[in-house]
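Shared between the two complexes below is chain A, which has chain B as its partner in the first and chain C in the second.
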Partner chain A sequence: MRVSNNPYSPSQVLPHHDGIQPSDGGHLHKNSGWRLYLQTVIARSYPRVVGQMRDVSWMFFDTLLPLLSVCTYVFVYRAIHAPEDYIGFVVVGGAMIAFWMNVLWGMSSQLYWEKEQGNLALYIMSPSSLMAMLLGMALGGLFSTSLRALMIIVLGSLFFNVQYAIASFSQLFAVFILAMVALYGLGMMTSSLYLLLSREAWHISNLAQEPVYLFSGFYFPIKNFSFWISAVASLIPLTMGLDAMRQLVFKTGPTLGFVSVPIEIIVLCVLSVVFLIAARFMLAYMEKLAIREGRLTENRR
Partner chain B sequence: MDFAIRTEKLSRTYKIRGGKKSEPRSLVALTDVNLEIQPGELFGLLGPNGAGKTTLIKILTTLLAPSTGHAWVAGYDVVDEPEKVRPRINMVSGGEASGYGLLTVRENLWMFSQFYGLSSSVANQNIKRLLEVVGLSDRTNTRSSDLSTGLRQKMNIVRGFMTDPDVLFLDEPTLGLDVGASREVRHFIRSWVDNNPTRTLMLTTHYMVEADELCDRVAIINQGRVLACDSPSNLKRNLQQEAIFHLEVSPFNGSLTSERFEALPGVCKAVHQPQDGFDLLDLILDEEQALTGVVNTLNSANIRLLNLQKNEPTLEDVFVKLVGQSMEQVEQKGDAGEQ
Partner chain C sequence: MQSTDLQTTQNPLSIYSRSFRVAAWLGWQIESNWTDPFLFAVYSIIKPLAGAGILVVMYSVITNGNFASPIFSYIYLGNAFYVYVGAIMSGISWAVIDDREHYKTLKYMYVAPINVPAYLIGRGVARFLVASITVIITIIIGFLFLHVNINLASINWLLFLVSLLIGVIMLALLGLSLAGISLLIVNNVWFIGDAVAGALFLFSGAIFPLEVLPAWLRPIGFAMPVTYWLELLRRSLVGHIAEAFPTLQSLSNLQLIGILLGLTVIFGTISFFLFRYCEHVAQERGLLDMVTNY
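Entry: the complex of A and B
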């Protein structure tokens, strides 16, 4: 509803004054539409990319510590004389855990931390969309986590002499990208729930962490589950992604796979589309709800 | 008439969830607020903590929906057209810790400029110029986590102004700043409005001097209601027919109360505040002659008059006249209520 004619037309030109005026002497030109969207994505990914370079403690906490879990499973498999490819399964699974951790703590619950810090209100109040902010977080997180995952794979492969036999680079690339799109789409979708949450956010993230370790088959092939458990577990994008990647990079992979790689690619495509669309609608709905209930800035109310 | 900000019977009630032993309850934060602010105005919302100032700002910045009523900013409805309001506004809150500590001042500001669609070159130009204006240019490449509270607030001020908003909201912008930094921030705010005649600035504060020094018009707000709205000089002029006295006396120790003085003929308001070793008694009198009755009352209770001063009316006096208590007393009561 308009009150009356708007005096704030962008064409209105103002005189230049001492240092507090825009450089062009009038209203600043501000991009909108897809340009604003793209700018927002890049700007919001920036802290994650730059943060990675400035705080290198992640090399110890996020690379060497996860390798200890990998070592545990490797020694268990060696002790029971499991096929040698199982060692590779564990190394790849250990690397993929980094993405799950990033989605859980750096995507889903991120909006809660942003709220605590006071950034969320500034994000919502700006003309850019929350979806673009989350996409920026996702890309920044994907970049930094890929570095971690790569280090885990390189170090794990060197320590344990993992042998790879890549069947198809293009399929491997497609599976990885689709798994990441679906996984980060899931993260964006669940992050909308955190718009309404306060301190319980921490517990919910904790609650989601361990079961996914089990059902995604980070350290073993999910074929060991019954078909239906595997099918339900496949709703987690990492499950299918990991299973397909193992089939594509290890000699015995196809014999231990849940379903064939093409089917897994189709499922990942569907999951990507569903999670991204759901994320968009849920974010819009939750934002409205949070504004109505006053949850964007005040946690005690 | 085109208003930069307009509200119509704006109300907001919070529903507060109950604990294990307590029932959910409602908290009325705003009641029937009607405001009309013209482009180019520096408008102040003055009130104690918990008066509803921040709630009003949140509604106007599209962060909170009103329970009832309507609000328009830059001509657009904040509930129905937030996407049209948002490109035209910005907000700075006192004591906020926004941005990322790992990023430098310039990087943080650049990031926020991108959310408003500014090109990088214009953003960097504005950032450089504004950092110079607020005296922060030597910290451009300092990580924001290394900034003091005052310097961080200056960075936030730059964040709010760099996007050149039509309507800017400043929520307690000098909160936590030292005297010098507060003065610099106030000077900057005033010069921005003076140099940008169509830009509007809404400022909330509970510092009387800040409202008096900066604002073209002030709305005094308490318990969610706007009690008065006018220019500081007009608000004070209404008190000028009355005499305002500031008395320092020996401690009452329970022998007298402010109600006792208010019962005297010619005494409009009396506010009593015990201090360390003496008591303060602020009086608003219909006429100076009423002081005789006050002095007689003090004498009859064996209270010594240590100091007497006649004051020019201030916004604090206006607040006392409207609310019946000083802002400090209202805040103390509020704190006690919360505990």
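Entry: the complex of A and C
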């Protein structure tokens, strides 16, 4: 059946295949419920996982460049004759920065980029859940960023001969997983704010880099801050995650920890639950607000 | 047919000056008009101050707050002035990305009667101004609260101003080369300014003496004009402290200025021709109006 008179419309240019024809009397099968949710998660994580296999330039830009920063801070510690474990602190902190950057630019700001490119309105119109899309972004981002972080740790450890003394693999695994769940939950929660933001989105993300590096203690133990500064900084999951990891993988770690590892695990559990629930509610609220104020298709450049 | 009263100019210097001035004003508007001036000021200084804060805490943790040590002034001042490197170089190369990918106006720049290198350098002026405020505030905080050993009476102002001027020109020319490369690359074009700034941060001895680097890496630092520029700025502000470090101890201020000037001319010439070459290739390949959506 001719659908369009336009000779360049897809229905004219693309040959018809039986495989894409509705097979049940004109009704296409559509997933809904948890199947659609899962399908959305997989679809949104797919480009983040596959994209990096197709374009390997990230190995230079996302691994070598952070490694330069790591090297710089290592040499600062060497210049002031810091104990060797501090070199390891910098390497591990430098690797964990990759996750913060991914949450900041690949999660929170992502909805702003989508708005800029005109995709956001399509997302909202589709029957898929925005939460599922963000979860897909998170899982895809987590996978690709883990590769980057691993490369930074391996190369940094080899360059600077970092010595690890892992106290408990199970606790280390638990801390890492919980820190990631809480961190990406935070990313999903803050991304709802970006539904409303315009040009300022880029600046806000940019502003959230160095201050977080400072207060989350990426390059030094946060115990050196006062208790209350460390406590407030612990609202960012990487603060406690990093502190716990240092305690678990370095010999001098436990003496430099902010609080004990079990307490940090409990706090990370609480943060994970709070951020994920808050993300659910904030996304729903912000979506309504953005629709009401006409911000979803706004492009003020 | 009546002649119009529109005035055009064929004087290259005039075109250069006009392109630079208008680009500087445009750059300032783009940088600052997304929010109110107060928030913009806060935003502009928090990021670099946090960067300085990281070094201050790292130093404090290891030395128990011995800020009177010469190495602290070395680190602190190097880091403060390094703000210029990232700001100017990234500011100029970012203009290409902004105009091509975001505003989609780069193609119009090429059909307008302007000098494109002057326009791009002009776009970096806003970041230079913001960086200047940041550098001043960082140094004042260091002087007032962190015992950075600056003696106002013994500052060599002439050396400071001459070094600063040469350095800013050198950084602008390096930024031009990055702008040229930005015209050609697609992926990761966003990071090129940060990439080069990050590499220079490591190799120029900005925040640690070059002796700390492995011997095989030091020649890279000695080939970089930024190394000599930072040394001159330190010497002009805290001469006796900066000269205590062995890296460039054997060189006088005049010799350092000579080396900086020489390297600026060499890198500047390379940058200019690199930009022109990249521009030519971009025109040949039709890349000037490319939108990558990265």
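Quick note on the criterion: the second predicted complex is superposed on the first by the 275 of 301 C-alpha atoms of A that agree within 3 Å, B and C clash if a C-alpha of one lies under 4 Å from a C-alpha of the other, contacts with A are read in each partner's own complex, and residues count from 1 in each chain.
Note that in this section a contact is a pair of C-beta atoms (placed from the backbone, for glycine too) under 8 Å apart; a residue touches a chain by one contact, two chains touch by 3 or more.
Quantities reported herein were computed from a predicted structural model and do not represent experimental measurements.
Q: When the two structures are overlaid on chain A, which partner does A:274 contact: first (chain B), second (chain C), both, or neither?
A: A:274 sits against neither chain B nor chain C.
Q: Answer with first, second, both or neither: which of chain B and chain C does A:55 touch in the superposed model?
A: The answer is both, since A:55 touches chain B and chain C.
Q: Thinking of the overlay built on chain A, is A:207 touched by chain B (first), by chain C (second), by both, or by neither?
A: second
Q: Considering only the touch criterion stated at the top, classify A:30 as touching first (chain B), second (chain C), both, or neither.
A: First partner only.
Q: When the two structures are overlaid on chain A, which partner does A:81 contact: first (chain B), second (chain C), both, or neither?
A: second
Q: Between chain B and chain C, whom does A:43 touch in the aligned arrangement: first, second, both, or neither?
A: The answer is first: A:43 touches chain B but not chain C.
Q: Which one hits more chain A residues, chain B or chain C?
A: Partner with more touched residues of chain A: B.
Q: Pick one for A:117: touches chain B only (first), chain C only (second), both, or neither.
A: Once the two structures are laid over each other on A, A:117 reaches both partners.
Q: Contact-wise, after the overlay, does A:72 reach chain B, chain C, both or neither (first, second, both, neither)?
A: Touch status of A:72: second partner only.
Q: Could you pull out which residues of chain A sit against chain B in one structure and against chain C in the other?
A: Of chain A, residues 55, 117, 301 contact chain B in one complex and chain C in the other.
Q: Could you please specify the touching residues of chain A with respect to chain C in the complex?
A: Those in contact with chain C are residues 55, 57-58, 60-61, 65, 68-69, 71-73, 75-82, 86, 117, 199-200, 203, 206-207, 209-211, 213-214, 218-221, 224-225, 301.
Q: Along chain A, where are the residues that touch chain B in the complex?
A: Its residues touching chain B are 1-8, 12, 14, 17-24, 27-32, 35-36, 39-40, 42-44, 46-47, 50-51, 54-55, 117-119, 121-128, 133, 291-294, 296-298, 300-301.
Q: In their shared complex, at which residues does chain C touch chain A?
A: 34-35, 43, 46-48, 50-51, 53-55, 57-63, 71, 75, 102-103, 187-188, 191, 194-195, 198-199, 201-202, 207-209, 212-213, 293
Q: In the complex of these two chains, what residues of chain B are touching chain A?
A: Chain B reaches chain A through residues 1-3, 6, 12, 14-16, 27, 39, 58, 61-65, 70, 72, 74-77, 80-81, 83, 86-91, 93, 96-100, 102-103, 107, 110-112, 114-119, 122, 125-126, 129-130, 132-133, 161, 163-164, 166, 188, 191-192, 195-198.
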